[in-house]
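Below are two complexes that have subunit A in common, paired first with subunit B and then with subunit C.
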Partner chain A sequence: MNSIDMPTGWGDRIFTALMRSLVYVLYAFLLAPLICVVIVSFNAEAVQTFPPQHWSFHWYAVAMETHSFTHGLLVSAVLALVATLIAAPAGVAAALALNRSNWKGKAWVEAIFLAPLVVPGLVAGIAILVATAALNVRDAPVRLLIGHIVIVLPYVIRTTLASLARLDPQIAEAALTLGAGRFTAFRLITLPLIKQGLTAGMLFGFILSFDDVSVSLFLSDARTVTLPLAIMSYLQYSFDPSVAAISSLLIGVTLIFIIVLERRMGVKKLFTG
Partner chain B sequence: MLLFPAAALVFLCLLVPLFYVLVLSLNHAVTGDVALHAALTPENYVRLFSRWFYSRILVRTVWLSVLTTVLCAVFGTVLSLSLWRTAGRKRAYLILIVASPLLVSIVTRTYGWMVVLGDTGLVNAVLMHLHVISSPLHMMYTQGAVVVGLVHVFLPMMVLSVLAALDKIDPAIPEAAMSLGAGRFATFWKVIFPLAIPGLSAGITIVFSLSMSSYVTPALMGGSNAGMLTTLIYQQFVVTYNWHFGSALVMVLLATSLLVLVLLLAESSRRTRAWLTRK
Partner chain C sequence: MANVTLENISRRYGATTAVEDVSLTLESGQFLTLLGPSGCGKSTTLRMIAGLLAPTTGRILLDGKDVTALGPAKRNIGMVFQSLALFPHMTAAENVAFGLNMRKVSEKERNARVKKILDVVQLGHLADRYPSQLSGGQQQRVAIARAMVIQPSILILDEPFAALDRKLREAMQVELRQITKSLGITSLFVTHDQEEALMMSDYIAVMGHSRVQQFGTPSDIYQRPANRFVADFVGMSNVLDGHIVAANKDDAFATVEALGIQFKTLHAEGRRAGAKVSVALRPEGVTVESVPVKDAAQGKVRSMTYHGHMSSYAIELDNGQLVHAREINPETQMERPRRFEVGAPVWVNWQADAVRVLER
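Now for the complex of A and B:
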């Protein structure tokens, strides 16, 4: 679609010019808030004026010392890690089973596994809250873990399934006919071949779990708060740039993750299967 | 069987809890009571739909979500088309730019908008500096601010969705249309757009469902004028402790999202069937 000779009547030229400027405006629209957050984080004063009068790293130091932020960072990181490590084997197993089989109700089973994507995060969080409360489970870390596993699982299944679909089944079959056990064949043949898709799914699930608000909102308690929730409650009573500082740090870390993801699988494929 | 662990996880961690919520929504509302009872009553749903105070919030939520979805659809299509026509490295970087907001926490993104739209924020600073206005425009804590925030959050999803559909189009087809004399706009409207509709409808479903169930953006940017269903749900669970009424609200939210999904799937499969069997 790039090397076609476009007809260039007047209507076409105006249309093209309008569209091009609109596209630039849209890119600016997409990036503006993030860039502003980074700029504000260097604001020396506590009041958020734009543009900053004086620049300083002060608020980064404040952010690193704010207990709710550091505690939240730890909670979020551990939670995302554990949830991903639990969801990954279950997800791979499910993807293997779904890829291999062809029963009648297969589409329905696939749909059930992707259900967490259809159910809004808020709804899932509340559902888990209600169920655990009714069963008298009051432990916030447990509730959070359950919620975050539900977040990560469908992404692992989806990317692994996509990787498996591109795999030639005869390769693993050949290993089996040569005498390898099922698990050995999986471990030595299939797993290395789907590693790219699997790690992409795990990385993606990790990021979504780390950034999650809607599921965690109803599942945390006063002692166990994830980082996004800590930032949000900080915002409700204080508007100083330390929020901008911690947010900029998060943006930076996310950027690194994205670059790694893009090298491994390409971000577009993750969102659209 | 291999499916068992994942199936057990989804069943126990999602489907069973959802059932709990359903039962709770049909129980008699008692503040602070969280146990399930066998006695079922529709009183919570009646309360939601018969009092305008609550219904108004539902209507407003649907309206703002529709607005967000339409804006995302229009702007998302424009961006996708532009991305579709870019090639190579530049395209990879641009896709990265479009997709990166998705991987930054929604709290950060919403906070960014608070900085941009606030009374001492970017927009006001620029407009005052250029002497277009003499006192700051109050843009925060309005329904408009919520829509802006929501569009920003969900635009990348729409772009990626439509782009996936566009990438499946054989480039020879629009080429053929133009070699037969169609202008740019005609080619877009009659050839490219119909072929992109599957991606567009997937995007619309996702964006509408996510807008309806978004909490952070309406809570932080909406204030009391722009209460949405999600902020009402939050109040019921955390403030007034009426979990029964809150559960009913949650069920309505879920039902609306699923309804849109089913409608769109039905409509798009109907269109596909009609197109495939046309004379």
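Now for the complex of A and C:
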């Protein structure tokens, strides 16, 4: 990192100014569409116009009265919550095993656990569809749950592993020598010390599960539709600002989670470990 | 308090052996140090006694009871870790109370014991601080208090002072010894620092190449090293090839020759004339002269290190052998703070009673 107190010449200052403008342009590029959606959602007209002529909460009311949206919101929320609650203990167990020692094939197992991070969601979705069909599992909720656990799991493992790597293994051993059994040592010592990383992984996994389209696309059916999928199918027939309203809600929920995440651990740490 | 016996303990990792056939006995109330260079197996031995690692073969007895198969929680051993391993999310008092909570000690008794032990290590006023709010020396005391409050059968310390600066380390050494002595705690200490081992221990086991090389009191180890490894480790950095010229049963003295110099020494018991031996001596036992003297080997000063009150010299003899010498610098000659400069021709001899005769 550059030091603030470092003496700088004119060349350096121009370079810094250029880099800074580039960052602002990038942010604008990324955020502009989102801001547009939020603005449009307050439009009073029946068609999406930008900028809106009249302002209103009308389309939020419409969105909340649209059954596919409210139902989708419920499905997505329950799905993300249950998937996270199942993935968390499983992920912690996996991370503990991966962290413990250098057994043979450890690198392979780790790669398999983290594979969903790099495998495209569409591929994962199709794979789970094929696998569940082969196992004769045809209930959309079960399929979706499996798919979403696969979404959440790598994040929990990743952040928990990062926390464990920072943890001195002698700390848990100290608890053992003081008379704690393995599970007590985990509950009283290890768990509180990896809590931050674990919570961050759970929150992040929850967001990704909640927002997911590509994996869910193949696993849902007519009765069980997640919110992002409901929005997609709604858009095929109508283009009124209620879509913008529900999308803004989605953005809002995600934003709240990201802020909580940032407060707890720092989103940056999540990726750098 | 209890005694500890190791019976032919070995630990292997695949083809490599970390600890080979170690047998030791530590009596109740004693302070035993495992001394050795890093990688000699001393920490592995300690972890096996604590129950954090199972020996590949051999038995561990606590008070005559076989505990080899027991987990660490069932051995009642207090351990101070190299990294201290304090619980960062607990205060000093909570750290110390942890072992008592595991033993379901009543709240009243627990509080009293925590308070008492924190007073012993002079931390009573800092009981509510978190480890990160304590200095290195204070954290050290918390770790020691946490291990001692459970009234362990033995207290195990794995290089606990390695991270401290010299002054603090010396203070902690004295303090730890006082505490263990006054409470009669059986202690097992691990270090690679021979000075630390010599000043603290009742007994020392010098470990090298995965084995116990010598077991004895500090003065045994220092004055009568059993072999080249121990000699080198306790500072006898000169090891010369020699042989016994004459020895007989009735005479305590034997005549030994090394570097073509014959001398009489007491420390060659049980050796026969003609036997090939190693002659070990400390750099402090080497005398260096700038003029030829009788019974001295000639050489040149190859390098010189200034230590303040002392100077060390590496002297290459004419036969190629390197000899290390160390001398106190003359206080009075301010303009010439050391006796010899690099390249100066010198004559080297030694005091016969500074020599130890070892197996070749």
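Convention: the second predicted complex is superposed on the first by the 244 of 273 C-alpha atoms of A that agree within 3 Å, B and C clash if a C-alpha of one lies under 4 Å from a C-alpha of the other, contacts with A are read in each partner's own complex, and residues count from 1 in each chain.
The working rule: contacts are C-beta pairs under 8 Å (C-beta built on N, C-alpha and C of every residue); 3 or more make two chains touch, one makes a residue touch a chain.
All values reported here derive from a predicted model rather than from experimental measurement.
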Three-chain arrangement built on subunit A, subunit B and subunit C clash or fit: fit
Angular separation of subunit B and subunit C about subunit A, which is computed from CA centres of the superposed model and rounded to the nearest 10 °: 100
Partner chain(s) touched by A:53 [first = subunit B, second = subunit C, both, neither]: neither
Winner by number of subunit A residues touched, once subunit B and subunit C are compared: B
Subunit B versus subunit C as contact partner of A:176, first or second or both or neither: second
Partner chain in contact with A:131 - subunit B first, subunit C second, else both or neither: first
Which of subunit B and subunit C A:196 touches, first, second, both or neither: neither
Touched partner set for A:184, first subunit B, second subunit C, both or neither: second
Which of subunit B and subunit C A:21 touches, first, second, both or neither: neither
Superposed arrangement (fit on chain A Cα atoms) - minimum subunit B/subunit C Cα distance in Å: 18
Residues on subunit B engaged by subunit A in the complex (per definition of touch): 1-7, 9-10, 13-18, 20-21, 24, 34-36, 75, 78-79, 81-82, 84-87, 92, 94-109, 111-116, 118, 120-122, 124-125, 152, 155-157, 160-161, 163-164, 171, 174-175, 178, 181, 183-185, 209-210, 212-216, 220, 230, 233-234, 237-238, 243, 246-247, 250, 253-254, 257-258, 261
For the subunit A and subunit B complex, residues of the former touching the latter: 1-2, 4, 6-7, 9, 11-12, 15-16, 19-20, 22-23, 26-27, 29-34, 36-37, 40, 47-51, 87, 89-91, 93-94, 96-98, 109, 112-113, 115-116, 118-124, 126-134, 146-147, 149-150, 153, 157, 207-208, 210-211, 213-214, 217-218, 227-229, 231-232, 235, 243-244, 247, 250-251, 254-255, 257-259, 262, 267-268, 271-272
Subunit A contact footprint on subunit C (complex, rising order): 50-52, 71-73, 75-79, 81-83, 85-89, 98-99, 102-103, 146-147, 150
Interfacial residue positions of subunit A with respect to subunit C in the complex: 168, 170-171, 173-181, 184, 188-189, 192-193
